[in-house]
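Here come two complexes built around subunit A, the first alongside subunit B, the second alongside subunit C.
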Partner chain A sequence: MIGLLAAATEASINWHTVIFYVTALVACGFAVLVATTNNIVRMAFALIVCLAAASGLLFLAGAYFVGAMQLMIYVGGTVVLLIFGVMLTAQKAFITMQTKGGDWILGLLVGGTLLAILVQLAFLVPQWQSSDYQAKADMNLATYVDKLEQQLTEGQEITQPQRDELARLEILATDGMPQRTGEIGLALVGVRADQGTRPDEKGLAGYLLPFEIVSIHLLVVLVGAAFLARAKRHHAGGATR
Partner chain B sequence: MSFLCEPIGLSHYLAVGAFLFVTGIVCMATKRNALGILMGIELVLNGAILNFVGFASPYFRDENLGLDGHMIALFVIVLAAAEAAVALAIALNFYNNHATIDVDRANELKG
Partner chain C sequence: MGEYFAGWLPSGWDFLGYTLAAFVQAFLLVNVIALGAFVFIWAERKVSGRIQDRLGPTRTGGAFGWLQSLADGIKLLSKEDLMPKDADPILFRIAPYVSFAASFAAFMALPFASGWVALPLNIGLFFLIAVLGLEVFGVILAGYSSGSKWSLFGAMRQAAQVVSYEVPLGICVVVPLMICGTMDLVAIGDQQRGWFTNWLIFHDPFIFVVFWVYFTCAVASVNRAPFDLAEAESELVAGFLTEYSGMRWSLFFMAEYGSMILVSILAAILFFGGWNGPIPVFSSMMDAYPNYFGNCWWFTTFANVAGVLNILIKASVGVIAMMWIRWTFPRLRVDQVITMCLKYCVPIAAVCLLGVMFWTALGVPFLNDLVPAQDRSLVREEWLDEGDRRADRRIEMIEQKIATSQEGGVE
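For the complex of A and B:
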């Protein structure tokens, strides 16, 4: 904490970065807890916290709608389903099941190797290591303001389109990521609001067909799940099970 | 503490996604409880979502995936819900028939 305050006096702290590190640390820490604990109930709790922190990361990347869906469907739906599964099967012998030592060694060996390779790959591209979004937006705004001031000293009026451009650049530099809920909704019914409107333009196709496919898929899956998990009535009176 | 003053980049998101992916893989490989394996799958899918959203964000790259990355992430979430429902139904069926949830004892599933 003291180091943090000292750094704040030296150079301005980027709070986006700080919040990212805190959230990423929570997500990774509870993911490790999910992988290491043997108690299935604790695993379910750690998974909830880990997924909620991951949705925080999605918010930080500007994907507000995806983050909200992660909270509602994943944390509020899928994990609750898993917890019901835990409750239905949680008999004494199955709450904690010890993993064999050999499995741990093999798993950690494979996982550690994979992690080392993937993290090295992630930091391989120099352009990806740091974002210049804010710096670029600030610079664009500053240069445009300079240009307008020069125009004023030359005695020319500022026109309305230039005012609009100035407002746009100011929004880019001060506001966060754009809110894209409407665009996502339109893309699901096959209209791309974020791309050009010419029909011959490449990539205009929306997501109507995948949306329909996923709808049918969900329906089939729910019917199948209900069929698989239903109580067996013809076995109900049987003595064998 | 100088790294707190730098803006983060796409690499950081890829690293967190890779970490969630690997913990999910380790979870799937080491758990004996079938529901624990399901939770490992959820972690893996979350790593994938983080990667897609990172590549989609205009904050990190000018040539980003844009809306496509968000849509793919949404479809992944929906498919994860469907997969969890079916896998849970299978696990419950297995539990009803064999009175155990230990996947090491599921080596005689013959229908």
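For the complex of A and C:
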């Protein structure tokens, strides 16, 4: 506590990290709540907050498009569907679900195994353990600025390529490039903007084939759902006739 | 804005600047909703009065009764806060806040003038549509947790309606996105700069139709009459609002008015030029004297203030049109609401999407080309030249540093 206070007075806290921990704590806390609550609708509410906090984490990481996707698909779509399912199938007003002891053990076993695997995987990647990305980017920028300063004191002008290089380093040291959503769209239709320009280069094909397979699959599912819904009504009509 | 405040403070304390900026922006946005509700509730009373050949409020606060909303607010605050015995206490208390928070969150990414946006997102339009769909969750929670049949039926109707109307609404907002080639709302607004013929609604005849589909879907998605089945008072008492009173009820009401303002501002940005007025007063002066007016901070700020006025006027027209519809049309039945969505709005929007696509691809001239304007493809998202701006600032700083050190050396 005293250390925290000292850090606050020296203003050396990384506030980005603090907000990350708060959001992550909200996500984890409500995830635990989903598992422990008995009432289904309260569970759904906790799930929504959990998923929204996960979306907040993505926004914090600068992946705006993925964050908004998380809001749209998981928080918006799935949960509304979940509530429809709960409300249309519920026999009485407030359903409670008691989890049996055996289910708890089984769930903890499966969940714990998954968690163990994921934690181990996360610590296997050396870049994720301690990131020197920011320090390196700051250092690169500082050395380049020093170089430019020396050049200016000697009386030489800054050329356009040097100016572009400075702009690139500035971007790397501040935000990275969180806003480059267009490249995702280009990659989905088959152009990898981040993979170089030679056409024979590996990985340039993008994700056109998976994208097409997924969209055809969804179309088939939609047609199938419509067919099933209509077939049932036709059958009922035939029965009354 | 955050960087501006952070510049005042010593290094290491710049987080205070960002916090201050966040508070200022949150305060302004809350007031857009609160003052908007204040004004439009009064306007709704006056409009409905005039439509029904009455006067509406006339006494509270002067000749036009313009303090009527304040009187309503005081009445609501002093009401007893009731909760039914069968209600789920936690969810019943949380539901109004969920509804209001979703409505409020959408305002974060909504620009009010060129560059005046709390959270500059290059996927702003997508974010807005995603958040707009979350508001229904508060309504569902309210309906379920009230422990009353009327509430549950209202919530179910609302859920079905909002989920179905998301589809045509989504197709409609894709049309301006396709023409502009960006989801950044600031860029979409800036691309319509110039005379009113440059507004996107005059791009081709199909998008003109798309706007009316959008408006219908917007009215339905904010749950206003003739689509207000969720609170149909002739059948369901007050739908999901039946068991609510006082402050909690008014939070739902504020969320509803907030969404009305939101979809109207979105319509203004997507179809009616956003913060650009019908006659280009400021932008033509900036174009004529780029070195004087174009670079001058007070002139651009003044132009932006005029832009905020512009967009608020356009949004008010949209909101008042919604009131006009509400007090003119009878309420639809449930099956009519869904028929309207699936049999009319979706096919019309889909056909118009194809039409606009071919029109844009073939480059057929229309009203947009009457008055020459700047090329749309030249107006891009702001972050693209962020690096250049930072580099320019850095070089300026280096030059200043060298200049001061040289002066010191001369002395």
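One rule holds for everything that comes next: the second predicted complex is superposed on the first by the 185 of 241 C-alpha atoms of A that agree within 3 Å, B and C clash if a C-alpha of one lies under 4 Å from a C-alpha of the other, contacts with A are read in each partner's own complex, and residues count from 1 in each chain.
Going forward, a contact is a pair of C-beta atoms (placed from the backbone, for glycine too) under 8 Å apart; a residue touches a chain by one contact, two chains touch by 3 or more.
This one's a predicted model, so the numbers in the text were calculated from it and none came from an experiment.
By the touch criterion stated above, A:Phe65 is placed in contact with subunit B and with subunit C alike. By the touch criterion stated above, A:Gly107 is placed in contact with subunit B alone, subunit C being left untouched. In the superposed pair of complexes, A:Val41 makes contact with subunit C only, with no contact to subunit B.
Looking at the superposed arrangement, the partner reaching more residues of subunit A, out of subunit B and subunit C, is B.
Shared-chain residue A:His217: touches subunit B; no touch with subunit C. Touch criterion met: A:Ile158 reaches subunit C, while subunit B stays clear of it.
Taken together, the two complexes place residues 11-13, 65, 69, 79, 84, 93-94 of subunit A in contact with subunit B and also with subunit C. Across the interface of their complex, subunit A is touched by residues 1-16, 18-27, 29-33, 35-36, 38-40, 42-43, 46, 49-50, 53-54, 56-61, 66-67, 69-71, 73-75, 77-86, 88-93, 95-97, 100-102 of subunit B. Subunit C makes touch with subunit A in their complex at residues 12-13, 15, 18, 86, 88, 90-91, 94, 98, 121-123, 126-127, 129-131, 133-134, 136-137, 140-141, 144-145, 147, 152, 156, 159, 163, 183, 381, 383, 386-388, 390-391, 394-395, 398-399, 401-402.
Considering their complex, residues 10-13, 15, 39, 41-42, 45, 48, 64-65, 68-69, 71-72, 75-76, 79-80, 83-84, 87, 93-94, 145, 148-149, 152-153, 158, 163-164, 166-168, 170-171, 174-175, 179, 181 of subunit A touch subunit C.
Taken together, the subunit A residues at the contact with subunit B in this complex read 3-4, 6-7, 11-14, 16-18, 20-21, 24, 27-28, 31-32, 34-35, 40, 43-44, 47, 50-51, 54, 57-58, 61-63, 65-66, 69-70, 73-74, 77-79, 81-82, 84-86, 88-89, 93-94, 97-99, 103-104, 106-108, 110-112, 114-115, 118-119, 121-123, 125, 127-135, 177-178, 180, 183-184, 187-188, 192, 194, 207, 210, 214, 217-218, 221-222, 224-229, 232, 241.
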